[in-house]
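In the two complexes that follow, chain A is the common piece, with chain B as its partner first and chain C second.
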Partner chain A sequence: MNRFLRWLGIAVAIFIAAPLVIVVPMSFSNARSLQFPPPGYWLGYYQAYFTDWSWLRPTWNSILIASATTMLTMVLVVPATFALVRHRFRGKGIADLMMLMPLAVPHIVMAVGYYSYFGSFGIVHTHLGVILAHTCLSVPIAFLVLSANLKGFDRTLERAALSLGASPTRTFIHITLPILRPGLIISALFAFIQSFDETVVAIFISGRDAETLPRKMFDSIRQEADPVIAVISTLLFAAVILGVTVPLVVAHIRNKQARLAAA
Partner chain B sequence: MSHLKLSGISKSYGQFNALEAVDLDIAKGEFVTFLGPSGSGKTTTLMIIAGFESATSGQVEIENKSLFGLAPYQRNIGIVFQNYGLFPHKTAAQNVYFPLQMRGVKKAEGLRKAEEMLELVGLKGFGHRHPKELSGGQQQRVALARALVFEPSLLLLDEPLGALDKNLREQMQIEIKRIQRALGVTTIFVTHDQSEAMSMSDRIVVFEKGRIQQVATPLELYHRPQTRFVASFIGESNLIDVKITDAAKREARNDAIGAIQYAPSNRPPTGSEATLMIRPENIKLSRNPVEGRHNVRMKVETIINYGDNALVVGKVGEQMMRVRVLGADVVIIKEGEECCISWLHDSVYLIAK
Partner chain C sequence: MGNCIARLTERKNLWPWLLLAPLAIYMAVFFLVPLIDVAIMSVTEPRPTLANYQRVLTGSLYLRVFLNTFITAATVTFACLLVGYPLAYLMANSKPRTATLILLLVTMSFWTSFLVRTYAWMVLLGNNGPIVWLLQTLGVQQPPQLLFTRFSSTLAMVHILAPYMVMNIYSVMRKIDPVLIRSAESLGAKGLALFRHVYLPLTAPGIANGSVLVFVICLGFYVTPVLLGSPREQMVAGLIGNQIDEFLAFGMGSAMAMVLLVVTLAILTIYHRRFGLDKLWG
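And then the complex of A and B:
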């Protein structure tokens, strides 16, 4: 039984990871369209990606929109989280619910809503429109991550700082903020990824000017199955792996140094 | 002249009175303990002094200056919290430097002072460690150094030894006393542990139900408790409810024990109800009555042996009695037997109702 479960676990892991393994070789393929296994290997599609403005422009758009979304999200979420986690006030329950609402509503419903609503302001097909819509979707995610962090924050530390002569502002800058930094970074990272990854709303409202990378990939795979898609997927995959491993390695090295220093 | 003065401090939450008219004077350099069960108001009083809670009414003064309207960070009071409250992202030295940094002390000078203070609390060479790399006792010392480095006008310790194991606790009691004496800082120590209070304090303030029951030196508190609560909370005691039968002759009567004489006291009138206290170590256990002492017969129910001493619990009629005897003396008696217990009149202390 135990053995069976182990094999089942491995099989499921392989099944889930398979697309990643298939996409990477396909990005080096010399086939005319997506094909597995690749007939031969070259770097032509990497060259195509890095020289073709019809791919670079959506990439730039995505980075711009995700960055702006992240900033706007954090500007809204940080004060909101402090208010909702630390204070009790009338309508707190409703405020909590409103923060999380976009998680529950299907993206397609939101997308249709934005399409008609933003139309009346004339911001459909603009960067601003996509940034606003993505912020709305990022807020609940960032809020969830940050509020979990803030709930675990020991408020004795703030009291200690106050008793030691730090004003509330300096307490926030010297104590609260540095201790919450990992939570803030992860919260912002989630906001960024959610925007960078978002497709449905982008298809509806990004148009040609604000076209994002996922939208461009979607259009491309429908029309010509351009292997550049595999290149982008591989690059994103590599970015994620770097993003995960580099901090781990850095933390490991720092720990080792600290232990050496302490010894 | 008093250094810290509390006058008429009250605190209520809606209908509930957490503190009622607390008055207290503490002299400069004194080590005062707030002792009481949880919910007795001792921590609330501490938080009002620190400025984290506001009193419903009353005054807190240090050196004749009211603290009213001053935020905690303007009060210059050092606090050691129960879980220390060390900043996890700062090293021990940076933690101790923090209050100096907030007071505009230059980094080089501040860190030097921090190291000096760490040396005073016995942590020389530990400055570069982060709190999580220190043991509980070491964290405690860092918290103490941090609360003292800026020369506060008052040091508040909020059950700081609660998280430590017994041996470490005793060690820290001695350490805290040593450091407090060395710096001469006026200190308030909050605890619910009476032995801690007895061993450390110049004076003890006993709290119960939001009121001060008694303010006295440890020995006075032990030998002359003013209320039944203080008598039962400080040390072990036999409390015997009596009616005064003759105040002039110092005679009282308990239904189970009969007539009892008590030590000279402030003479509540004949006929009033009172409580007599006899400490278990002042009672002697013997097979036969002892001359010159008040003797009664007791049926032994339980003997708890601690090695060097033993606690014998038994009944005189319906009255439960506890007797503390030296370890060697306990062999004369077995559970279930009858024996004689005796005491001197002078060790019977009267507490007025």
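And then the complex of A and C:
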């Protein structure tokens, strides 16, 4: 039983890993269409990506839109999370549910809504439209991360500051914010990634001018499977590897240092 | 003005409202109103009747697409369970190093964009890809068409959604008290019986969580079925996209979107009543 499960587990691990790994050799391939194993290797498609404005512009648009979305999301979510976690009031249940609603609505439904609604304001196919839409979709994720952090917050630290004579504002700036910083950073990061990766709404409302990277990739895969996609996939995958492993390595080094210091 | 706010906030129960107001207004204007717009369009475009719903709920084309979507979502959910359960088990019951390695792999897959993973399956299953090559080497003269079929889109969706399943099941398995298993063993439970009567029921909440999540995401999945699936066997989201993109048929698109929304919300509401929605994404 145990051996069977182990082999099954290894097979599943390969099933999950193989598609992630395969984009890396594909990005160095000199084939013009999808071909694996590649007939030869070169860096030509990397050069193509970094010099072609039809790819760089969507990349820049995505970074711009995700940054603005992150800022707007945090400005709205931080105070709201304090209200929902630290206060009890009528209608709190509905407010809680409202925060999570965007997770429950399929993105294609929102895409139809935004296409028509933003069309009536004339902000469809603009950066502003995409930012406003993406913020709605990022709110629940930022809220989930931040509220989990805030629930675990030890409030005796704040009470100590207050009892020592610090004003509520001073306590908030010098005690609450610094302790909450990791939670705030992760929450903002999740909001950024949600916007940067969001595809469906962007396909329908970003248009030519505000075209995001996922939209460009979608169109390109659909029409011709431009080999540059393998390059972008590899770069995105590399970013994920860094994002996942760097915190682990940092924690490992800190642990070692702490142990050394203790000894 | 400042004085006024100070006096208002002195009545303590106004604080949460002031903090919540910007977000509440924002969500009302940019989330609820567009959603209501979809509902309105479904009964007013092109004329104010219920004709759109009549067509969506009785037309054989639309019913077939809905049925197809349900079958695909059920297949994907079941396959994710078959794939995810052993992996979660391995993660929860192996040495820390192996467990971390698997966790890393699953996390990486989870964070890698849907588009990247969809593209990868295009390479893997393509006519010049490794799987066709392997089949040819093994002596299959005419390898079957793998890409742009129901098979390819289902397989890719299983790969894309499996991390959700693994994470949900793993988070439950990790908390199982080993004492329970040992005491079951000491009472004579072995092998399959131990699994069926002790381990499986203990992991049921994780299975329920993961399955609901995967099923619901799959119902509204747009990107992967459109890029990898057969154009003749569309799923609902793809068909909605077509109505908007190609035919500018906002009424029909909205009516289908409403049906998809109602079904999705119904599933989540039932789930919410029983387990609480906040656990699903936690």
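Just so we're on the same page, the second predicted complex is superposed on the first by the 246 of 263 C-alpha atoms of A that agree within 3 Å, B and C clash if a C-alpha of one lies under 4 Å from a C-alpha of the other, contacts with A are read in each partner's own complex, and residues count from 1 in each chain.
Please note the rule applied: a contact is a pair of C-beta atoms (placed from the backbone, for glycine too) under 8 Å apart; a residue touches a chain by one contact, two chains touch by 3 or more.
Nothing here was measured: the structure is a model prediction, and the numbers come from that model.
Once the two complexes are laid over each other on the shared chain, residue contacts for A:I185 go to neither chain B nor chain C. Using the contact criterion defined above for the overlaid structures, shared-chain residue A:R170 touches chain B, although it does not reach chain C.
Touched residues of chain A, counted separately for chain B and chain C, are more numerous for C. With both structures placed on the common chain, the touch criterion links A:Y114 to chain C but leaves chain B unconnected. In the superposed pair of complexes, A:R159 makes contact with chain B only, with no contact to chain C. By the touch criterion stated above, A:A238 is placed in contact with neither chain B nor chain C. Of the two partner chains, neither chain B nor chain C is touched by A:I253. Touch criterion met: A:V200 reaches chain C, while chain B stays clear of it.
When the two complexes are superposed on chain A, none of the residues of chain A touches both chain B and chain C. On the side of chain A, the complex with chain B involves touching residues 154, 156-157, 159-168, 170-171, 174-175, 178-179, 258, 261-262. Within the complex formed with chain A, the chain B residues making contact are 50, 52, 71-73, 75-79, 81, 83, 85-89, 98-99, 102-103, 128-130, 133, 146-147, 150. The residues of chain A lying in touch with chain C in their complex are 1, 5-6, 8-9, 12-13, 15-20, 22-23, 26, 33-37, 75-77, 79-80, 82-84, 86-87, 89, 92, 95-118, 132-133, 135-136, 139-140, 144, 148, 193, 197, 199-200, 203-204, 214, 217-218, 221-222, 225, 229-230, 232-233, 236-237, 240-241, 243-245, 248.
On the chain C side of its complex with chain A, the touching residues are 13, 15-17, 19-20, 22-24, 26-27, 30-31, 33-35, 37-38, 41, 83-84, 86-87, 89-90, 100, 102, 104-109, 111-124, 126, 128-130, 133, 159, 162-163, 191-192, 195, 216, 219-220, 222-223, 226-227, 237, 240-241, 244-245, 250, 253-254, 257-258, 260-261, 264-265, 268, 277-278, 281-282.
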